[in-house]
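Please find one structure pasted underneath; my questions will follow.
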Amino acid sequence: MSRMTLFVMMAGLALGMAQATWARDTAEGRPLKVVVHVNVPEPGVQGAGLKNITNILKEAPDTQVEVVCHGAGVGLVEKARTDHAEAVEVLVEKGVKFVACENTMRQKAIRKDDLLPGVGTVPSGAVEVVRKQQRDGYAYFKP
Amino acid sequence: MSRMTLFVMMAGLALGMAQATWARDTAEGRPLKVVVHVNVPEPGVQGAGLKNITNILKEAPDTQVEVVCHGAGVGLVEKARTDHAEAVEVLVEKGVKFVACENTMRQKAIRKDDLLPGVGTVPSGAVEVVRKQQRDGYAYFKP
Amino acid sequence: MSRMTLFVMMAGLALGMAQATWARDTAEGRPLKVVVHVNVPEPGVQGAGLKNITNILKEAPDTQVEVVCHGAGVGLVEKARTDHAEAVEVLVEKGVKFVACENTMRQKAIRKDDLLPGVGTVPSGAVEVVRKQQRDGYAYFKP
């Protein structure tokens, strides 16, 4: 086997692995991934979104769900303002990730202690919504 | 030609075909694909969405459009409640796919016969919205 | 080096470059890309969207942002109707692309001169929202 052939084979393998990674993330049978964008204050819309997530997990239990709350939507994960503390808790226990936007928290003087248990934070909710789609291949869902 | 060379060539061809499939779906000149997410009850918003689809098909006639109606948005495709029976019918004839969420239908006691002609169903509207993006590479559009 | 090996190597290189292009667009460290979909008339929601963009550019300054205004959302970029002329101007100067839908403009009798400075147009806002995602790999964001 010539050095050239070896090089080509290695390149082919590298490409194959890259391709396989991409295929693994999109082929049927692998977990779905979705970022749920919550920026509205209406408890009804927020609750509908949580119910959508429950339904997603019923049909596709392995789905990776991240709920990004920012702007007027941060109330969903604030202890003092949410109408859905219990539903959020149940979903957190099922592995759903909830994050609040630190920009919004700063602006509204919300501290981490003010958030429901298990809720994380991200520097910017808007960037997170973009990054989950572009970097991590998440689908977008706006309740 | 050595066996190694043959192997590398076959691998290259396999990769090439996989790559080509991916390119075919995204390159200019191939049909666009979009999932239209309808979960709001307002006839005005629903009608604007249908008009958006009409405009899409005017500029890019080959576009594959799937309209997913769930939650409060299912009324768009219910005979008894829709304000847009005719517009839906026209779009169905143009090849637009409309589906209603079976979770929503169960909850609201809507039967398949209650849906406009040509409207299909899916087990979960929310999962469908995610799956079209992740599995089938559809763009997302919320009217 | 045989002709076959050369062929395989060239094919491998071509694939490698295609793969690299794809990887370049998605890997961490490369600019994010996002299409912001504005189709609502509420100045509050429009303003929140502009603030989201400002926050995105604060955390990820290289992000390519395109704001597509159509239907009831075109008012954001109309001189006579916007509540956010200054904020739009600031973002245009930062490189954010704003486009108005020509279908909407025709319907509402809006001329190019009626748009804020630096705002472009596209034949169809809805198609643009789809195309940016499918052709150019943009994330979707609805304020």
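Lettered A, B and C in written order, each chain numbered from 1.
Just so it is clear, a contact is a pair of C-beta atoms (placed from the backbone, for glycine too) under 8 Å apart; a residue touches a chain by one contact, two chains touch by 3 or more.
Predicted model, so just to flag it, every value in this text is computed and none were measured.
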Tell me which chains count as touching both chain A and chain B. C
Determine how many degrees of rotation, between 0 and 180 and to the nearest 5, align the Cα atoms of chain A with the equivalent atoms in chain C. 120
Is it true that over half of the residue numbers where chain B touches chain C are used by both copies, so same, or is it different? different
Chain B and chain C have mean C-alpha positions lying a whole-number Å distance apart equal to 22
Chain B: which residues touch two or more other chains? 5, 8, 12, 15, 19, 137, 140, 142
Touching residues (chain side chain C, partner chain A) in the complex: 1, 5, 8-9, 12-13, 15-16, 19, 23, 26-28, 32-34, 48, 51-53, 55-56, 58-60, 63, 137-143
Contacts from chain B onto chain A in the complex sit at residues 2, 4-5, 7-8, 11-12, 15, 18-19, 22, 37, 39, 70-72, 103, 123-124, 126-127, 129-131, 133-135, 137, 140, 142
